[in-house]
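Chain IDs A, B, C, D and E follow the sequence of writing; residue 1 opens each chain.
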Amino acid sequence: MMDAVVRGPDGAVQTTAIESAADLAMVRDSDGVTWIDATGGDESALALVSEAFDLHDLSADDVRAGGRAKVEEFDEYTLLRVNSVKRRTDSWTVTDPIRDVSVGLFVGSDWLVSYSMEPLAAIDDVRDALVRGRGRIRERGPDFLAYLVVTTLVEEYFRVLDDLEARLEGIEDAVIDGPSSVTLEEINDVRRDLLAFRRLVWPTREAIATLALGDVTNIDELTRRYYRDAYEELVELVELTETYRDLASGSRDIYLNTVAMSTNEVMKKLTVVATIVLPLTFVAGVYGMNFEGSPYNMPELAWTFGYPATMLGMLAVAVILLVYFRREGWL
Amino acid sequence: MMDAVVRGPDGAVQTTAIESAADLAMVRDSDGVTWIDATGGDESALALVSEAFDLHDLSADDVRAGGRAKVEEFDEYTLLRVNSVKRRTDSWTVTDPIRDVSVGLFVGSDWLVSYSMEPLAAIDDVRDALVRGRGRIRERGPDFLAYLVVTTLVEEYFRVLDDLEARLEGIEDAVIDGPSSVTLEEINDVRRDLLAFRRLVWPTREAIATLALGDVTNIDELTRRYYRDAYEELVELVELTETYRDLASGSRDIYLNTVAMSTNEVMKKLTVVATIVLPLTFVAGVYGMNFEGSPYNMPELAWTFGYPATMLGMLAVAVILLVYFRREGWL
Amino acid sequence: MMDAVVRGPDGAVQTTAIESAADLAMVRDSDGVTWIDATGGDESALALVSEAFDLHDLSADDVRAGGRAKVEEFDEYTLLRVNSVKRRTDSWTVTDPIRDVSVGLFVGSDWLVSYSMEPLAAIDDVRDALVRGRGRIRERGPDFLAYLVVTTLVEEYFRVLDDLEARLEGIEDAVIDGPSSVTLEEINDVRRDLLAFRRLVWPTREAIATLALGDVTNIDELTRRYYRDAYEELVELVELTETYRDLASGSRDIYLNTVAMSTNEVMKKLTVVATIVLPLTFVAGVYGMNFEGSPYNMPELAWTFGYPATMLGMLAVAVILLVYFRREGWL
Amino acid sequence: MMDAVVRGPDGAVQTTAIESAADLAMVRDSDGVTWIDATGGDESALALVSEAFDLHDLSADDVRAGGRAKVEEFDEYTLLRVNSVKRRTDSWTVTDPIRDVSVGLFVGSDWLVSYSMEPLAAIDDVRDALVRGRGRIRERGPDFLAYLVVTTLVEEYFRVLDDLEARLEGIEDAVIDGPSSVTLEEINDVRRDLLAFRRLVWPTREAIATLALGDVTNIDELTRRYYRDAYEELVELVELTETYRDLASGSRDIYLNTVAMSTNEVMKKLTVVATIVLPLTFVAGVYGMNFEGSPYNMPELAWTFGYPATMLGMLAVAVILLVYFRREGWL
Amino acid sequence: MMDAVVRGPDGAVQTTAIESAADLAMVRDSDGVTWIDATGGDESALALVSEAFDLHDLSADDVRAGGRAKVEEFDEYTLLRVNSVKRRTDSWTVTDPIRDVSVGLFVGSDWLVSYSMEPLAAIDDVRDALVRGRGRIRERGPDFLAYLVVTTLVEEYFRVLDDLEARLEGIEDAVIDGPSSVTLEEINDVRRDLLAFRRLVWPTREAIATLALGDVTNIDELTRRYYRDAYEELVELVELTETYRDLASGSRDIYLNTVAMSTNEVMKKLTVVATIVLPLTFVAGVYGMNFEGSPYNMPELAWTFGYPATMLGMLAVAVILLVYFRREGWL
């Protein structure tokens, strides 16, 4: 499945379905700017295009295999490979790493080829804008169209990062509520997703920097400023990712500390109970002994106020210990 | 809301409210240095200025959207985007990240445009100084005025960092007093704020470095030395931020250690009590047994000094254990 | 043991066993591309080749001793030293660091010498492909053959990394099941293997970058693009290694936390039991005391409902404490 | 308070107190090398000198305000700002960060101006050496005098670092003795001081590197080698600081581990006591029960050897448990 | 004590003891390559040599003082300062940082001066090889002799690192056996030694890189390749050091975890004992109470099977708890 969107010299935009090498040759040779959109297409589409536009073997391979974002210059075109991410709408319960789809953009002098294994919303959005649009999108060349795809992808990235931030905030709230409602695995999952996200964004940033700063085939001086803008947004994305990773580490520290504090609290309670009750039990044990038959053997047992005095003594010990514990701040 | 401050060739400074494109065209064409101040203005003001001074679409967008500090050169002007921070006067209870407001400074050959969504104290201070001032501020061009704005913002940064330092010191004192009066969240909040602050200062440093070192449109050789001065202060700000983050980590370590020490102390007390009382209770339990009817069954119970001897034996055990614990340093 | 594979100008490939310096001189002087394959050979083979192709003393030493991957240029040839890894088929129980075998590739203008102490599957695969193959492998020079060896090794690396990932996943599952089924040593072993793997891949990446970017003797402009492809795969390998190390650290954190949580759980159970039983035991001890002979001494013992009332009181205390513990979330 | 030390063309050194602009003009215009020393002086001295030697506004400001070490070149002179540290003689009880005093050295073609707010031993030492000295100090220009000041300051740094090392060693010994004699705060204080020290030395290293490597106004080719020597010492200082910070972290780990080990030891002791005594107490409790009136109710109590047998049984249990604990290594 | 080894133009090697400036002048002016070996010599030897070969004051100072490895070029010679390490033969009980001795190598056009405060095995080995040797050592200039010294020192480094590795392995084995046989201090000592070792190797690597890559006075193009080889070995040394530091950190983590696990085990045992015995003791306490004189007061005591029933009940409780603990995995 492959379409050609041709913007004629008069600015009129026309979409044609491409079904054969002949169709392709025709749109390639037409005047104006030609966009061959083969996203969501099969490999045969890529083979057709490779032949029609004389694409290098390796560059077709690169797009087919997917991978890190990159820019590669060839004599007649520049290959920009970027990645789309699938947005996660459900909040912080999702724990799979981010799924990404590579898209290859071949930027020629007056043509653009886009290819990926799956249909991509970002490509469709830009195509729709081109068909319906006015202004810059109808005046500029294929490098500007590629920029529009990139900037749409960057917006996708921001949405994914927003989801990650929402998950992170959920975790932060849960951590303060207590460690029972969130597990360390969830914190770890967010950190892993942030890592995966960073691995996605970082090479994109580098690739766009090449377009923004370097002297790249078919990238216009005027368009470079736009790429610079996209580059700055990518810089911000990377920085935010780093910040979120730091916040996730902070959450983990608080989480672990809560466990340690909890053990400490439990210990204090046990100590308070044991320290008060054990000595009293000892005293009760003493007066439960069966010594007898001598005036030296437990005369207290026969004293008139032996029992009340003992009970009062125990009470006094308990009160003194409680006061001590309160002073120590254990209650 | 937009004003123009025009310093005529004779050094006289005059302030005019701008209400239409015509007003703007008039002050633009007047001799001397013209400062169009649209801080706290609406977007229509920015649109008017963009047209009058022929500002690039993207540069107007950049200022409207705000973001990281940056310098961008255009043919006719240099855009400097910096950020003001709102100073926090209440001490270490505030936990929100720092709120910042972007301000765009367009530095032309003999004009300066300042724009932001909110009124800014830093801009007002420099305007007042220009209206009332003498000396360099009345002699130098728009690049020097922009420098004055930057240096006022840097002072703001230092005040914010002073607040962060005060919060950090409060935490350090509280941590040494004991973990009950401060929580790990507070330490984490300061670290987060320092992170946010660093994210603000770092690109500012980079942007000012560009002005101080590079060969930038409309930035005078003489003024560059001033920007270098501002750059050095920003370097110091970044370094201090790093130091404070390290100190915050140190506080966290002490805090966590206090919890561990506390558990250890509690354990020791419990062990001392249990280790002394449990054996004595056992002895009391033994003499509470009811064996009888044979001379081998608990003859101690009938000995004349059985009870005092038992009590003395218990006392001896307790004293020996206490001496042992003291030697071990547990008391 | 040493073979020569000669591809004549007509594209015919012929394999000859080399047994003497004369054999070597003959294949060296034959037209077309000559590949002297001395992998799995002895040092005498290397000595023969060194003399026949005039290899520098140090470069022969480098290959004999093995070590980090590197590229070294000489006047007549380029030496590429890379490392093969032995793939581990058994899953995450293997804990030895990765075993690697150095292979030296001397790339001349129309000859290639490969040498290593052990036979290598990667070399054999490329030789087989050359003998049987069609297309690029029969057209390109020795630099392309060396590239094929490199890319086969890179595939080996990916398989080793897949094994490491499998071990890591096994650990992650085991950690969540509970710390008894996996030990910290296993996690540490994976981290150590990842470290060893990174030490292997990193210099390979650097060496291939030299071939891909620099202007290296006997490396063709056309072949450089292929090395660039291999370079990108090595970049991805390094990044994955870093990610896995981060994941291993995460597993370790979860593991350690599980131990801490477990201690906390045990403490809570002990505290619940002790806090309920100890006071009740104290009460039982009180009524086991032997005070008598006075109306003030333990009159409760003779009350009609003394025993049932005491038991009910104990039950009430136990129930109140259980309710309290449930509210605290300890049950 | 300001002095001029003039070394005439004949090598004779003469010191004059400067009290007015006229004095200053006179020594400035005298032949030979003139050193205006205004350390410990007031701001008016700096103002006088600024006028006499035509110093840039900003460079005077820089020296007055103090701050990180730096080098700034001007048309007629080079400004070197370095910092003196006050040595701490009392050992590891001092916890304040290092106090530093900025000194500005203006190196002209045949004059040197030194300024700081406080008198500095380093300056006085070099002045004394100049007045009394022979050899290189009487032959070389103001750049060499500035080098002598720098090298004296570097010696000061080494002394401060020696003090920090002594504190660190004290801590290491104390940590091994046990955590009661040293606190985590002390370790943290040393780390903080090392951080402050590093913040002082690092920019000094950078500034001296500029003098040693670059092509700086008024710094002689011959003198550069001396600055290189000072640079190497500063590199060593920075490295030692890093090493000490690492050692401090090691001490902290040992300290924290000692606390954890201590808790573990305490737990073991408690467990040994409780595990032996609790079962025995239970047995004693059993034979303290009052069942009677039936041949099935506690016949043991009336057996002839009931009591000795019970006691022997208890002893046996205790011995078995002790043997078990010894085998487990808990005793 | 100072010797001269002169290799005449005919390749004959002759060793002369140098005792005066005249001796020195004579060997200096003789044809061929002259090596003045003053290792283990006194400072007067260095003074003599400095004068005879016109060495710069600072370079003599550098060698006398010792310090980090470095290369410094002078007009007539290149100074290479490297460090010998004293090998430790006793295994992992040694905890002192590595002791190093600086040696200065002055490489002239046809002379070499070596100086250090102590006799060095590395120097002696190379001298012996020169006196007895054949081949390259008798053909190449002083730069090659200096290389031989460097490569001998690098071998020394590898031996020291092997010792460190042996200590590390001993620690790893001991850590897995249990924390009682090794202490955290020993792990820390290895980390400290690795740190000291890294501080020694790193600047050596940098210095040799200068010789291998740069265009250094008196270092021959041919010899540079040999320095490159030494450089690669130093790179490997640095990498191994980093790896060992990482492994030491891993050992520390396992060690600390073992302590935490141990506390957890002890807690479980205590909890098992206390949770079983405490309730039973309570029951025994209940039937030790002395209620009487009413049919409601402890009728169980007089029941025919009261005692056996109670004992069976206790047994049942114990069995149920044991089954529960086994299910929880605590036994």
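Here, a residue touches a chain if its C-beta (ideal position, glycine included) is under 8 Å from a C-beta of that chain, and two chains touch if they have at least 3 such contacts.
Keep in mind that this is a model prediction, so the values were computed, not measured.
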Listing by label each chain that touches subunit A and subunit C gives none
Rounded to a multiple of 5 degrees, the Cα superposition angle from subunit C to subunit E is 70
Is it true that over half of the residue numbers where subunit B touches subunit D are used by both copies, so same, or is it different? different
Rounded to the nearest whole Å, what is the centre-to-centre distance of subunit A and subunit B, using the mean of the C-alpha atoms as each centre? 25
In whole angstrom, the CA-centroid distance of subunit B from subunit E equals 41
Would you please write down the residue numbers of subunit D that are in contact with two or more other chains? 260, 263, 267, 270, 274, 278, 281, 285, 288-290, 298
What order results when the ring of chains is traversed from subunit A, passing next through subunit B? A, B, D, E, C
Any idea which subunit D residues touch subunit B in the complex? 56, 58, 61-62, 67-68, 70, 72, 178-180, 184-185, 188, 191-192, 195-196, 199, 252, 255-256, 259-260, 262-263, 266-267, 269-270, 273-274, 277-278, 280-281, 284-285, 287-290, 298, 300-308, 310-311
Can you list the subunit A residues touching subunit B in their complex? 176, 225-226, 228-229, 232, 235-236, 239, 243, 246-247, 250, 253-254, 257, 260-261, 263-264, 267-268, 270-271, 274-275, 278-279, 281-282, 285-286, 288-294, 296-298, 329-330
